[in-house]
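In the two complexes that follow, chain A is the common piece, with chain B as its partner first and chain C second.
What follows is the complex of A and B.
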């Protein structure tokens, strides 16, 4: 409630800011008629120029080609500087050096607050993003809004679902779990039937843990400007930690890191039976797990209360315009094209899971039958999940740091050194200290 | 058998046949060291330890992505897909691998070649000329050998970015030109390998310094040059951290960064896992280095040995 109110307020401020800027622009246009008014995308695109885009999203390549074909005066330099953290390090280096900063950067939702509060990213509300209210699903749209502005346009989203290997469940005569209690039972049955098989792999992943707490209704992070609260003692966190600790205690989770070659192997041969993961997963399964073709299906995320339908976001990223960009109007024009314009369909065709309401609701999208998933209309489940994301979640303005120390704290629980509850308490302590050192006022 | 008898006879003849000498006891000398079971086994383990990764690489570059996951790692399985993999590696993403290979070659030729040239000139000068401040240079060079290049990468990055050189090939080539170890090696090598009398003779005959250097000293330095060249080549070829922080544009990546980028694709939402290409690419990447070692090996050995013993 409180959070929603704050967000509404923030939106109001952003709009006011946009208005003020528009007014100034009008006032000054008499002095300098050549300068295009902000938001006048067509004339900016007509004038052209060169922008650099740092992104690892593979579908952007086709978008850039289409964009350059449509606006021949614009030259877009697309560079894959690394996935996630690698790119953030490069971006921070470039910003610190004040040289070589791209105009547009792909930033995951969890990392966005960090770059926004560091004033590395430009508020694109005044450039036209403020008018896009309602274009995106609520989860990603609230993720790109920080305090007083809009710091990116959602590129994809990762509403969570339960991907499962149907063969494993059929062979054992198991029902697909709809609650986490049933999930625990299924985990025991799968591992009992084959000691090499597990319901899932987990070696500790900050993104997964925060998403699970998110779904359970926990709100460990609350951010208001530089006032931050970190509290891993709420009910939602407790629910997740208890169930997951049981899974760990009984050795029901495969000690295999996600994205490793063993992981791909396990997904193919049935020794990793499910994935609770973001909606962007189908493309990865199709291209990386040939052996699993026809076996995988998608079901709604298991629930903490039978009959509920709460979900959370897992992963997903936005395209942001950097503060250092000399041509923010043009940079924004590209971002809007890619994430709210014609680029969206190109990316959906390339296998991306969109964050835009129009695409998520389109018949063509929802009714697409996936051969890999035995002809299942996978997007039905995933699009449904997108509408059920629990509201009010916030990431820390130093989440990149927090995630980097996850392994030293919570991660220890996965190797039996401590429990999740204690690990989370350590994580809270470590991030609290860091936040205070960085000039935030952090309370627990 | 024959040789054993022969050497036994020689040493017996030299020392006089003692009563304890029997056929079962072997004579040992520098040419014929004692055979040690423990040492043989230890060497064997080291040999296997260093060869297994190579064997693994060769075996697995012959597998398709699917059979990589479905088969035992240290033996062949499924279709022999090495040629397919090589073709795919060279053509994937518009042949970017070939571009990376060319970049690496550029960095090696310009960086390692330049570093070697500078080390030869510097080492020769330091070894054969006396000038004030030589001891200070010596101290700096020795100190610089002890500082790993990785530690200097970030300050170098900040400096280069102020000069606007980051994200250009220069950012990789210029730091590669500095090889304190190469300079030190050339210095000690030149001091040993070039008799000062020879230089004096050349000067007496009226050869200019440049001609003395080019025609008298350079040929004598050849083994040392090859050694330094190999060291700097390996260092530049395998360089990862420096290009990682200097380069942003994949078009300028060397192979090390490119392969890492391919590997990271598997961990990217919507990315295509291409483990088979990463493995085949790694195999292709080490081939030139292996070739260089085989071709330059004998120079290298003599280069390492020279300077080790005072004559």
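What follows is the complex of A and C.
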């Protein structure tokens, strides 16, 4: 009832917007109210209103300021209700309660299908997103499309690369690894030279493991509507599991959780020598690891086969318009401004890694020298990685849940209770049961 | 008051033929309304949603007692229950034993600086559980925490308190630290009301301090002991804050179904299984009630 009421309200607003357009721009062709033409956006923005945005991306603050300055009738309330899972919990609660739902929410690519299939997010294709084909790099663009709709505009992307502390490698006379075999050798050398030093930290991270399997060519998830296949027995998964099991067995990974105080210290003092992570990392290193200034460099992701150049996406998120929003046109207008309009440059200047082709290919972006990285043109490596992302990867329509039980299953391998392969089999079983329970048809 | 007035109006004609007076309801009404709203309504609502099942695909359907059936055969739920039961059997006796010891020591009158001890042992109870868990979490760290510092200073390799094998004991340590003072205060106040004439009589009869403790003090505070035990049982079964906070430090040691409450929380918030979560919460509530009641019956029967 409430929803119907809101829909009616939204329709009313659309109608009012169309009417205003007809009055102001008389020459406009006869478009229907259900699918407003892109020109509508201006009139919606002129009419103004209030929207609430839930996001943790720090560069959005400047975007909101610029946006409000340009469209004084629009009032954007930006709220940070938590990062990642914390926000999804809050969002799910608000949606379940049918009250306090924001108009726009930041949703990571892995979580987008879950919200889209739950009909919590609006299909923004008819609002103008359908015409943005080609604006974004293929990985993120396909990540926001589910079944027959577009459920968000890519805000940033995370093509992976190898961030490494050059000092550690030069001191030990080590080459920067280009394959995972070389990576394993380097891991042994680093740990042998200093028992407190490790090539990387890892306490079991679902996002990292799925990205690694992605790069190795594995496709454990296949989703076709409500038919889902979960299969962690393919070759790509095996490649990753074998190498990583060796690293775990030989205690070559620091048992330090990412984003902890110990982690930041380790990144600064050389006891965590590398990070295989998404392209959004530089800004985090600059702000969080001052001790590492001048020491860090970026190299392409190590490969499973020498000479290859496969990469994967790690993290990255979109801005989505919620189904419960009473003013979807205005909400979408903000999203487009932030992610495909003037907001993109503002965010790039703030250190974000964009998902738009134009910015990724611009000379200014690619040739920017990063003082923190010893003057290296970091974006060259990262933009290159963005073009080499392995195609065909899909996340589960209930990936948020799946990731929440990752440490219950696969995580046990990191504390020596089981092996990675067995842990992945347990994870597969748990997520299969959940999927079937939720009305999907899940096969292995 | 609002709902009461029409009720009186309706009942007015009945009063003439029936001598029973409904005026009493006017007095208990306000209380009953609040009671129904804040105590009964949530329970009724939980019961209501526990007989449905909401799916991501297919929406909500009535499933009767299916959720209960599932919970009773859910290995994750039972392993969580076994874990908190183990916690209860080990941690609660230690905590209450320590609290009793401290209370007796302070009550003995032979302790120098007794108010200082009383306040400093009670102080941890004033620290919010979340802060306490965070604080201990940092101390447990084997790299930069207290354990790490000890290792560095003494050249030892202490076992990691956040490893799967030790995490329950580590949590027990935190909970004991938090609640010894609280229980001590209950025992101490019970000890203070024992008439001193009993002690004098005992002394005249030649009883030593330990005899006085065994024959006078402990029997006299049996009621307080039973109450403290019941509180502790409920607290153990509801274990949530400490594991939930430590989870970010030891994600592999503390699973999402580590304790029944944590399990209900994860089901609801990461899995969106609100219905099943309500079921788990109800079953857990019933089990806690039964055990607390049994303890109370036993404790009181011996007293009589």
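Annotations
Note that the second predicted complex is superposed on the first by the 405 of 444 C-alpha atoms of A that agree within 3 Å, B and C clash if a C-alpha of one lies under 4 Å from a C-alpha of the other, contacts with A are read in each partner's own complex, and residues count from 1 in each chain.
Here, contacts are C-beta pairs under 8 Å (C-beta built on N, C-alpha and C of every residue); 3 or more make two chains touch, one makes a residue touch a chain.
Since the structure is predicted, the reported quantities are computational estimates derived from the model, not experimental observations.
In the superposed model, A:81 lies in contact with chain B only, and not with chain C. Of the two partner chains, chain C is the only one touched by A:118; chain B is not.
In the superposition on chain A, A:440 makes contact with chain C only, not with chain B. Look at A:54: by the touch rule set out above, it reaches chain B but stays clear of chain C. Once the two complexes are overlaid on the shared chain, A:398 sits against chain C while remaining clear of chain B. Shared-chain residue A:203: touches chain C; no touch with chain B. Applying the stated contact rule after C-alpha superposition, one finds that A:417 touches chain C and leaves chain B untouched. Look at A:352: by the touch rule set out above, it reaches chain B but stays clear of chain C. Looking at the shared chain after the overlay, A:408 reaches chain C, while chain B stays out of its contact range. More residues of chain A are in touch with B than with the other of chain B and chain C.
In the superposition on chain A, the residues of chain A touched by chain B in one structure and by chain C in the other are 93, 96, 261, 265.
Those residues of chain C lying in contact with chain A across their complex are 55-58, 141, 143-144, 163-164, 248-249, 251-253, 255-257, 266, 269-274.
Residues of chain A that touch chain C in their complex: 85, 89, 92-93, 96, 114, 117-118, 203-204, 226, 256-257, 260-262, 265, 397-398, 400-401, 404-405, 407-408, 411-412, 414-415, 417, 434, 437-440. In the complex of the two chains, the chain A residues touching chain B come out as 54, 56-59, 77, 79-83, 86, 90, 93-94, 96-100, 102, 156, 158, 258-259, 261, 264-265, 268-269, 278, 280-281, 283-284, 287-288, 290-291, 315-316, 350-352. Per the touch definition, chain B reaches chain A in the complex via residues 65-66, 68-70, 157-158, 161-162, 164, 166-167, 245, 248-250, 261, 264-273, 275.
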